[in-house]
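Take a look at these structures.
Two complexes, one shared chain (chain A), two partners (chain B, chain C).
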Partner chain A sequence: MADGSTTSRPVRETSRRRARRQKQASTLIEATSSGWKLMLFKIVVLSLLCATAVYAALVLFMIERWLVGSLVIIGAAALTWIYLKRGVLPAKYLAPGLVFLLIFQIFVVLYSGYVAFTNYGTGHNSTKDHAIQAIMLQSQDRVPDSPTYQVSVLEEAGELLTTDQLYLAVVSADDEILIGSAEQPLEPTDQATVEDGRVVAAEGFEVLEFHQLLERQTEITDLSVAISEDPNDGYLRTQDGQRAYVYTSRYIYDEAADTMTSSETGTVYRDTGEGAFIAEDGDQLLPGWRINVGMDNFVRAVTEESIRGPLIYVTLWTFAFAFLSVATTFALGLFLAMVFNDKRMTSRKYYRLVMILPYAFPGFLSALVWAGMMNQEFGFLNNVLFGGAAIPWLTDPWLAKISILIVNLWLGFPYMFLVCTGALQSIPEELSEAAQVDGAKPFQAFRSIKLPLLLTALAPLLISSFAFNFNNFNLVYMLTGGGPRDVSAGVSVGSTDILISMVYKVAFVGAQADYGLASAFSILIFIIVGTISVVAFRRTKALEELN
Partner chain B sequence: MKTPAPDIFRFSAVLSVAALALTGCGGADDAASADEEAGDDGAAAPEASGELSVWVDSDRADVLAEAAADFEADTGITVNLVQQDFAEVRDQFVSQVPTGEGPDIAVGAHDWLGVLVTNGVVAPVELGDAAEDFEDVAIEAWTYDGQVYGVPYSIENIALLRNADLVNEAPGSFDEMIELGETSGATYPFLVGLDAQTADPYHLYPFQMSFGAPVFGQNSDGSYNAEELTIGNEGGIEFAEWLADQGEAGTLSTNIDGDLARENFIDGESPFLLTGPWNVPAAEEAGINLAVDPIPAAGEEDAQPFAGVQGFFLSAQSENTLAATTFLVDYVGSPEIQQSLYEVGGRAPALTEAFDAAMADDEIVAGFGAVGAEAVPMPAIPEMGAVWDYWGASQAAIINGEGDPAQLWEQMAEDIAEATE
Partner chain C sequence: MAVTAPGSTLPAAAPAQPSGPESRRWYRKRTSESAPLTRRPFRKWWRETGWRHLVGAAVVVFSVFPLVYVLSASLNPGGTLISANSLFSNVSLGSYVELFNRPQQPYAAWFLNTLVIGLSASAGSVLLGALAAYAFSRMRFTGRRMGLITLVLVQMFPQLLAMVAIFLLMMGISEVFPGLGLNSQIGLIMVYLGGALGVNTYLMYGFFNTVPTSIDEAAHIDGAGHARIFFTIILPLVSPILAVVALLSLVATLSEFVIASVLLRDPERQTLAVGLFQFISQETSQNWSVFAAGAVLAAVIPVALFLLLQRYIVSGLTAGSVK
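For the complex of A and B:
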């Protein structure tokens, strides 16, 4: 073919243009980098940045976030270095993007990776200390029908021999004044003055005022004063420094042995390394805490009953959905692109504009509108287009699959139309003319000349479109919610659920949130999509070489 | 909450919060300054100083600001109100409290308690004798595992909205309602919004209750016993068969979702709509002559709906428990604030004194309130997500006649039992 002369012309032209542009750019950089205004601007911005970073780091160090604090300092130092040093032009351009990439992508990916190896989820939300504290708080039962005591908080008075120990003073039902502390059960005393049922003064003690209470809040709310020598009688506690109640605790924490003991049954709950206190019969006390569980989540992802059953079916449908979505949108987009690329078509501009509209509406909204249009009884499709037929668009397992592909076609073809139009316009018209001169029919010319060239240019986009549709959670969630479901099957997975929506259901809708398992699943999905993309890219490289 | 919360928001919220928490940009300076204040030893000061942090939604922020001003005037403690989207509070709270950046107090719905308690982020509030000043259902709702976890402020539930221009008497039973609806000549005798895939167990619950099939057994203190699943009892089977009959007769249709039901009611196409107070403003704007009736029973027993009770709760990691408890019990729980919260929210107040005042003040609220006082709290166990899921899908299948109702219902009861184990 005589394409030597046809293709070399644009190539030479672009290389000349590129050289010109490069020269322009370098003069621009020189002109600006030597200017004092720019230098001043740089210094102002960088000093603001450093000031903010130092402040943020100080705050972080104060709350003992050593790692994050140091990262802030290192980041700010690196940015300052990059922008003050002469040269390092690529870094100057890339740095802002890299910062955002680190925060919004790399960090999120690494964090998901980390979570995948923990038991993070409902009931395993924080540290062991927090869990123990929460269990102790939750297990305090007020003794039924016990009275409300007007309580006063006291501390020892006098200059000498004072400790910071706090005392609670109450007036009992038979007008006896009782004082006690954490170490000493309530004991009657008559050396105190009572007003309106509340102790206002006591010999040897000072009654704390409200503002003094506030300064020692944690001490006061942590204070338990035993009612008597017998611990089973319960203890007095106050939450607001005004009223006290008698409680008993359902669990007793033994710090030395690291066990929780039920005071009702005597069952001992131990920390067996599974992130919760667990009794011998397997009963666990929640809240537990976060621990590393190694590969457990990955093992569960493939072995857990509720997931394993539908997994194969859902995986197959996910592949079919992603593949068919790409194929149908590409076919329609390409067809329309060719039609509107034809010079004989008049007012193409306006048609093109209209074509892009579905792409301009938010996908969320479109999916919801389509769900309404596909309503079996009142939907636009059945009522207007099909003359009142009762077609179960979204409630029949097979029709729902077709519906979801139709809606995705509507949402996805403008993108394909755009990229195909672009790619088609970059293929020189002379190629098809030459083919026609050589006697090829239009379809033949398209198939053996334009399509291969198009595919080489578009293959990466098709692969990324596949990856996008593989995880097209929004559409599934908004249109069908994964349904319809076979309710007799006993699983919560529906016939249009794809992997990511199934993961969402298993990890979030199902019994309890399980971020560890969900993260493990995301990693597995990432591996699947990643492998497919790498293989596909390899093959497109081969395609390029063929051409 | 009127329906089980849309989990997608939760999903994204958790991710973004996790990201924020680790980068440490979420209000780190607040925490630091609070620490300083707490460490500050101002023994000589005549009044206390300190800060409380409260998460509140925009509707209630102004009322809380009133309470906060009173509290500061009385005690010297500043209350920092942080506005949050109501729907986001639960998951933000769960992920922020362990990092030490959570608030001392937050606003919420009682059915979050399961998740909050299981994650150990919420602390009990001892109301003491004040508990008797609240409506029973409000305290029952905020009781989890024997402990009260918050100060309730409003009760939200569904009731039967009636277009009094079409039908001028309250129906005594479900069948009577359908009869009245049919003789009124409207297109639909009765409307309730149902989803095509998941029906709506929340809106259909009063009918289920009228067949004597509560979802769980209740303990003596009104809390649910998740181990005693009663949904699959004989009453449940009867209810399933009733659902199938109604589906066949067309009185219940999963093609009429909440929006369609509301639109048709507003257009006068139906005399009855089973819904909550959230649809009242739209109907009033459209000029419908509204009446609020008790929900008519389909079975032998009372048609009790679920009640959602909103309230304020305390963080387990709060370092200001004493001040926070005082603020909650004595200020948020006061009749004035409860009354103000009612005025902005339009839901029946939880405090009996304010509740009675509201009942006398507004017929619509009185209608909902009367139903709400008899309602049962929505279960709060963390596994409810799975329960709603199976429950709804099976209801939709039964209404659409996709199999033997009794068999589908039994299967559902088994699935739920397995999920809540």
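For the complex of A and C:
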């Protein structure tokens, strides 16, 4: 204190301290204010969420989806509770991801399980009511001598909350104005203006002008409006948007007996519990509808020769493909990693840069490019590298398999190289030096010291690489399309198809989609992959290390 | 699984060369035992490093020739599959121009769609994954271990296994909300986000664990709340893993075919993977050059990102993610 020469320093220090305090105070204020902002943000987001949920639930309740609607409400309520309640911190952080995980990963797996027990697919994708309606619609004939109705084509007025559905308006014989659409039978209305026996304006609707009629001609000719709730009464259809005639179906639906009767042949089609109306001679009326078929899809996959053969074949190839892919890419990657893991070689990073290219190039494009290069007639491989030979790279059942492995080697070795390099560099050099001092040859030292260490370090990666290749859809589908096709098979599969591409083909390629069977195959993959991962994780003890 | 791998292999794998020799170069040059490379006789050089260059040359040819081929094909306007075989016989950008003038194949739209879908899905994945990883790494709650195990297992089941169910679910949704169901890009992004937690959380969790908890505690004592700690302290510290996850999920989304092809029907709404595949299956070999141009353009972004961020990617790969 007595030291006069240093008086300026405490002053400076106090001012600095004050500055720091001010800074602290300002951060505190900022903290509290940003708390406010956070709260506001929270409230805005939550209210948006709730509003959307209520809207969604209302729409769902309107179409009588009670279960889904109430789940939406419950979910929104749970989220609101989580974010408004103090505490429950982990839930606050996990909830956003969990919502998506539950719907698009967990639920869809369970749903696959459900679909696997149905006959869902082309011709069986709706309810029985829809099927009846569709059968009545697709087999219509004009009633002979039926009167001509003057009609107008309408659409819903306004922009919001409207569909682009078309409506027919007609004036009946007793001067009643009726409006109906494809989904709604004719209903009387009194809020419409009629001129010359034709509706020219209607409340909530716009009458289509002539040029609009021309624009939407196919829609208009496809439109058929039920005359009443009973589909047997017939439908109004128009070719030109001006005159309509009564059409009736060739089939008559008997609601009491639950049968369809053909008015031409008199054949009776019954609902025999197989999801369609079936005549005595086995003739089916399509579309049918969706029913639960129990284990049928699984039984079919195991007993029907035309499915069982390909399924076994595809499963074996899937395993072979996944295993060989991992083995070849790992072998090449490890070899290269060892070759380039030498400090005396100063140019390794350039090699690495080039080797990363196949990995960086998007996989689906690589497969498409290779497919072009392996083309038998025009491809680069045959025409340039093999001097005009006609090697059937992608069209011979066995060669196609080898081609797939070659391309996968090209795609996958950089990954294995990178991983192996990382793992090699983490193994201390002293170990092999010590072995060499003890008289081990370099290869011996590698085999009994480095390799085991490498394999333990890389085992989890090799497992996930196996799992990845097990479902390497892109490569197979883009390179060979699963082909060459096996013509004897009852489902569309080829000799390079793996399980996942088979699922895709059964469900989405071709005219006949069979979602039930495809889901049954998916369940099979789930079981296989699940078993492999449980065994693998047991072995590597990876899960026990979790804490 | 090597939980600590991101932290430990990052320095080990990549910057080993710069930190070692470079810092000591001035010293090395003056000593007599330096520069063994140039002084070695040829046979010794060959035995020690020469043959490695031979292997390297073979690998470079193997890695690069399909890429050179597609680049050459793209520069050959009007070229078919067969005329693409004479490399660089004709160099012009005509196919790149034609690519954007084909009404049946709206390449520009595909490109934009892919970017929008990829960027939103990867940003969303990073956010959702980081939130969950923070919870698993920093909080102790009942079901935590179970949750982690579940995530590791879920990782083994890619979403495409349930493609049929996803399609049917989206079909159901589009009956009620057409904007979110089939043919909707928002719907597709939501489906991709469903896979986010399973794929990324575990990877991030490992990295979050390498950030000392004392940092959180210090911030907590200074009065920061959990959200503030997460957003302003932890996230910047874990940014390398965020970059890796963002890049890997971006690249995965760009190449995703199954779900995109099942959900997006309209050519205007499709992604590059779906569009280019249909392009090539419709006109196999006639427009090979245009396809090649499309492929080159589509690959530019992922390849550039990979080369720029390769240091981080290597660390991310060794931590357990697979392309």
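Heads up, the rule we're going with is that the second predicted complex is superposed on the first by the 311 of 547 C-alpha atoms of A that agree within 3 Å, B and C clash if a C-alpha of one lies under 4 Å from a C-alpha of the other, contacts with A are read in each partner's own complex, and residues count from 1 in each chain.
By our rule, a contact is a pair of C-beta atoms (placed from the backbone, for glycine too) under 8 Å apart; a residue touches a chain by one contact, two chains touch by 3 or more.
Since the structure is predicted, the reported quantities are computational estimates derived from the model, not experimental observations.
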Greater chain A contact set [chain C / chain B]: C
Chain B versus chain C as contact partner of A:Leu101, first or second or both or neither: second
Which superposed partner A:Arg142 touches (first chain B, second chain C, both, neither): first
Partner chain(s) touched by A:Ile179 [first = chain B, second = chain C, both, neither]: neither
Chain B versus chain C as contact partner of A:Tyr111, first or second or both or neither: both
Touched partner set for A:Ile220, first chain B, second chain C, both or neither: first
Which of chain B and chain C A:Gln376 touches, first, second, both or neither: first
Touching partner for A:Leu236 - first (chain B), second (chain C), both, neither: neither
Touched partner set for A:Val59, first chain B, second chain C, both or neither: both
Touched partner set for A:Tyr515, first chain B, second chain C, both or neither: both
Residues of chain A contacting chain B in one complex and chain C in the other: 56, 59-60, 63, 65, 103-104, 107-108, 111, 115, 375, 377-378, 477, 481, 504, 508, 515
Chain C partner contacts - residues on chain A that touch it in the complex: 28, 31, 34-35, 38, 56, 59-60, 63, 65, 89-90, 93-94, 96-98, 100-101, 103-109, 111-112, 115, 120, 336, 339-340, 342, 344-347, 349, 351-366, 368-373, 375, 377-380, 383-384, 410, 414-415, 418-419, 421-423, 425-426, 457, 460-461, 464-465, 467-468, 471, 473-474, 477-478, 481, 500, 503-504, 507-508, 515, 518-519, 522, 525-526, 529-530, 532-534, 537, 540, 542-543, 545-547
List of chain C residues in touch with chain A within their complex: 1-3, 8-9, 12-13, 16-17, 36-37, 48-49, 52-53, 55-56, 59-60, 62-64, 66-67, 69-70, 73, 80-82, 84-85, 127-129, 131-132, 134-135, 139, 141, 144-145, 147-149, 152-169, 175-177, 190-191, 193-198, 201, 223-228, 230, 251, 254-255, 257-258, 261-262, 273, 276-277, 280-281, 285, 288, 291-292, 295, 298-299, 302-303, 305-307, 310, 313-315, 317-318, 320-323
List of chain B residues in touch with chain A within their complex: 7-8, 10-11, 14-15, 18-19, 22-25, 28-29, 31-32, 35, 41-43, 45-50, 75-77, 94-95, 97-98, 100, 115, 117-121, 123-126, 128-129, 145-147, 196-198, 253-257, 260, 316-317, 319-323, 325-326, 329-330, 382-383, 385-386, 389-390, 393-394, 397, 400, 402-403, 407-408, 411-412, 414-415, 418-420
Chain A residues touching chain B - in the complex, by the definition given at the top: 56, 59-60, 62-63, 65, 68-69, 103-104, 107-108, 111, 115, 122-123, 125-127, 130-131, 133-135, 137-138, 140-142, 148, 210-215, 217-218, 220-221, 239-243, 245, 286-287, 375-378, 394-395, 477, 480-481, 483-485, 487-488, 490, 492, 494, 504-505, 508-513, 515
